[in-house]
Amino acid sequence: MSNSLENLEQSFQDRIDRGEKIEPKDWMPDRYRKTHIRQISQHAHSEIVGMLPEGNWITRAPSLRRKVALLAKVQDEAGHGLYLYSATETLGITRDELTEQLLAGKAKYSSIFNYPTLSWADIGAIGWLVDGAAIINQVMLTRTSFGPYARAMVRICKEESFHQRQGFEIMLTLCRGTEAQKQMAQYALDRWWWPCLMMFGPPDAESTHTEQSMKWKIKLKTNDELRQQMVDQTVPQAELLGLTIPDPHLKWNESRGHYDFGEIDWDEFWRVVKGNGPCNKERLEARRKAWEEGAWVREAALAYAEKEAERTAVSAAV
Amino acid sequence: MNDQQALYQYLLLLGDSPMILGHRLSELCGHGPSLETDIALTNISLDLFGQVRNYFQYAAKVQAEGKSEDDIAFLRLAHEHRNVLLTEQPNTDFAHVIGRQMFFDTFHQLLLEALRDSKDEQIAAIAHKSLKEVKYHTRFSSEWVKRLGDGTAESHRRMQDALDHLWPYAGELVQESPLEKQMKQQGIGADLEQIRPLYWERVNAILREATLEVPENSWFQAGGKKGIHTEHLGYILSDLQYMQRAYPNMSW
Amino acid sequence: MNDQQALYQYLLLLGDSPMILGHRLSELCGHGPSLETDIALTNISLDLFGQVRNYFQYAAKVQAEGKSEDDIAFLRLAHEHRNVLLTEQPNTDFAHVIGRQMFFDTFHQLLLEALRDSKDEQIAAIAHKSLKEVKYHTRFSSEWVKRLGDGTAESHRRMQDALDHLWPYAGELVQESPLEKQMKQQGIGADLEQIRPLYWERVNAILREATLEVPENSWFQAGGKKGIHTEHLGYILSDLQYMQRAYPNMSW
Amino acid sequence: MSNSLENLEQSFQDRIDRGEKIEPKDWMPDRYRKTHIRQISQHAHSEIVGMLPEGNWITRAPSLRRKVALLAKVQDEAGHGLYLYSATETLGITRDELTEQLLAGKAKYSSIFNYPTLSWADIGAIGWLVDGAAIINQVMLTRTSFGPYARAMVRICKEESFHQRQGFEIMLTLCRGTEAQKQMAQYALDRWWWPCLMMFGPPDAESTHTEQSMKWKIKLKTNDELRQQMVDQTVPQAELLGLTIPDPHLKWNESRGHYDFGEIDWDEFWRVVKGNGPCNKERLEARRKAWEEGAWVREAALAYAEKEAERTAVSAAV
């Protein structure tokens, strides 16, 4: 029995190693299933909670064009959430259960969304930096072993790239604008830079799960590698914008062929992860409010659907 | 008012209601009762703002003072807005959102159907393009009225409360203002006299099917078309206009 | 920052918290749970705005750029405001209003007592005058904390909820910023290091007497003193500044 | 018995005719009591509901000075309400009962507060016109027969006159300001003029109660006389402001020694009285919300006071 489980696990791993995709109906180790439920739903929650900081500027967007683009972007995030919840549901859990986990504080979402959006430039900075960081992760995940997740990533990456360009373009417009606009952009970068570098998770030395995740191709690069990639790709973009990255230690390292950068405040990272970021409570509270105040609507839709089904059955029987 | 000024004002009247309603819907983005409804309402908001842009770009051209769609959208004072009062009503709960939408969509579809025959080719083209979107809106909101009206006891009560609250604002849509009369006579504007019976007929049919009571016909509130609004509009504008007011004359 | 600039910034820091808190209280005017509390909270708001005027009139003089108290009050961007985050917290219910007030008043009284000895005569005079008002505020809010904490089961629960929510914002008041340190060293500003233990002692005593639990010491949110606020401030400013933004450079 | 009641009534009326004040403990006819409960509480409700339209502009007042003045004014109205409720309570009814009557729609308040405040100039117009009209009524009421009411009116009139001057001064500032400000003032006058003339009630021909009210000195002049006084006093003020009163029929009548003015839209008047004004529902809803959401606070205060009383009793007993 145990031997046969071992065999199963071995052939499962062989499939992954050969680059085959695991599909929902395939046999999979319990830990693989649980890890994927956790990770994909966490990703879905991040999309949904991530609607809030950006949603905060929809009513105050400075032009009709930007308002429409921002509405569409936040709507895309809802779409991504929907898509990812569906991918999670293939693993045998319902969206309602996942939502309950989020609201009970049992499931995580990306900590970056616990920071406030304090100016219009934050919308640009989020597109440019937060989406930029997300894409680095997601491009990697297009090659992950679980089929529905990998496919979701392909689709999501396309839209995220569009969002990222849009964010960069917002920044570019500000940086080519008036002094007040440029300052707004700089202040946004000042606030978002370090939290964005934290998005890749704790340093490799402290990172758990890495080995197993590598085997399942959830991770193809380490946190620090991805973070370095983020820094390397962003520095020239900031130069192009004429903005100053708020890190006095940032410097090109010829011998490494990478930028060196300063120490991340990991105390802040853990503080925010553990619930004491500037907006953790507000974000969860907003989601809880939407969920609770929407309960009667969802119940009504269900009741109506049942009535309709009955009516159809009756009229079919007649 | 000469023809050009009247046309400009009429374009404001056509664009302002979608703008204010689109704004109200956009307040909800990320806060809906389910992802599906959140996406759908955001979609309606997007459609409406798209239409607003069409109207205001054209209005800017008609006005010929070198203004942009954004000047028109963000830099008018409260009394210069021509939207109906219905669109200012707050997002009290989902039933109010749906009720407000159903009244507006039902009218909006009839309006656009009429405007397709406008002598003004631009308006006819915008109407033609918008109509496809608005037919979807009408289906969405009327189906939700039914779902809530004929759902649970609570949803029925809430939907009826919402209707009772919104009813006094449902008539202004089809009350012809002097400007609308002038535009109708020029063959540019829609004929609200023709739309009115159809509007009430459809609204009544939706309510009937949703097992809801048609509220007693009280006095209909009006004033939006001549710039006399509810106290809500001022607050809407202080958010809507904040960036353009605080950072004047900049490109975004 | 030279001395004059530092003094100017310090006056903003002194005036901005009363201004934003006064604004929050003014939102409630006409909506209180009883006429007596309505009048009392409006009174506190009035006192705070009176103090704001004193600070900003003086700030305008110090700045010497020909600006008025209103330029300072209404024409700064969000990140130029120096108020603590506590004052931005919304009027969720009366318990939140009272809790927010109790934290602020307790600190405010200690601050003004210290500022009476400021080397800057203007500041000392403002502090002296304001202290009389603020002593009344402190009495009002601390008594209401007791009344709600030791009233009914519901009021106890609500008051505790409010405290739990507000607690993370209660520490910023007594966290010394570089500017406050500089002003302290010049003998102009108050010494927050001295105020801090007294503040916590008084807060704890009030909570104890009100049969409330002191929330577990979590991380204290901060940022207001350097212009990094909560998302609430933007909305406050869009109302607060609306008239000055929409009608620039006019007399009222 | 009936004879003695008649005697009582006669001597009661004689006292009024002699100009004596009726005090709460004095005998009074039941109808006198009821009429005064109705009228004074209606007056109190008007002060309280009247806080709402002006309160609407406190957060958006254009200068600190104006904000403070408006806050103080609305606070004064709360004080007037408190004072008038107390006067009503001397007639044997509680403030809570009166509030319940208001919220149930059984008690009236001045219809003028069912109009919206749509610009800052409305705050000026309300002070100038609404308070102006109120003062005309209230000055008359300082001579009314019921002592507490007459005394309340003396005090209130003083503050109202201050408010009225303040309102006029707001208008004056606007009219001496920019074109946009002057237009704002004109639009406010356009909207408030006719509703203010309606404040004096229906025309004499249709007015009920007038005779009885005259006997009790609640009324010393008829509705139409007061209205004429309002028009006559306001026209020169509008001229001073450089504003146009929105009435094409307004004209000085040399022979009458008064201004003639156009027809009032009495349909509108009755519509608003009966609940279909622009803000009737909002006003009552706002009061209801404050009352209902404040219930737990009032209960807590009561419970605490009882505990305190017990504690005091216990410690006194020890």
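Per-chain numbering from 1; labels A, B, C and D assigned in written order.
Heads up, the rule we're going with is that a contact is a pair of C-beta atoms (placed from the backbone, for glycine too) under 8 Å apart; a residue touches a chain by one contact, two chains touch by 3 or more.
Predicted model only: the values in this text are computed from it and were never measured.
By the document's definition of touch, common neighbours of subunit C and subunit D comprise B.
Between A-C and A-B, more contacting C-beta pairs join the chains of A-B.
Per-chain Cα centroids separate subunit A from subunit B by 35 Å. Rounded to whole angstrom, the centroid-to-centroid distance between subunit B and subunit C, based on C-alpha atoms, equals 41 Å.
Each chain gets a centre from the mean of its Cα atoms; for subunit A and subunit D, those two points are 58 Å apart. For subunit D, residues that reach two or more other chains under the stated contact definition are 60, 180. Residue numbers of subunit C whose C-beta contacts span two or more other chains: 77, 234, 238-239, 242. The touch graph of the protein chains shown belongs to none of the named shapes.
In this structure, the chains touch in the following pairs: A-B, A-C, B-C, B-D, C-D.
Those residues of subunit A whose C-beta lies close enough to touch subunit B in the complex are 48, 51-52, 55, 58-68, 71-72, 74-75, 78-79, 81-82, 85, 120, 170, 173, 177-178, 180-181, 286, 289-290, 293-304, 307.
Across the complex, subunit B meets subunit C through its residues 77, 234-235, 237-239, 241-242, 245-246, 248. Remark: subunit A residues 53, 56, 60, 116-119, 180, 187, 191, 271, 275-276, 278-279, 281-282 touch subunit C in the complex. Only residues 77-79, 165, 168, 218-219, 221, 223, 228-231, 233-234, 238 of subunit B touch subunit D when the two sit together in their complex. Interface residues of subunit B, counted against subunit A in their complex, comprise 23, 26-27, 29-39, 42-43, 45-46, 49-50, 52-53, 56, 69-70, 73-74, 93-94, 146-148, 150-152, 154-155, 158, 239-240, 242-244, 247, 250-252.
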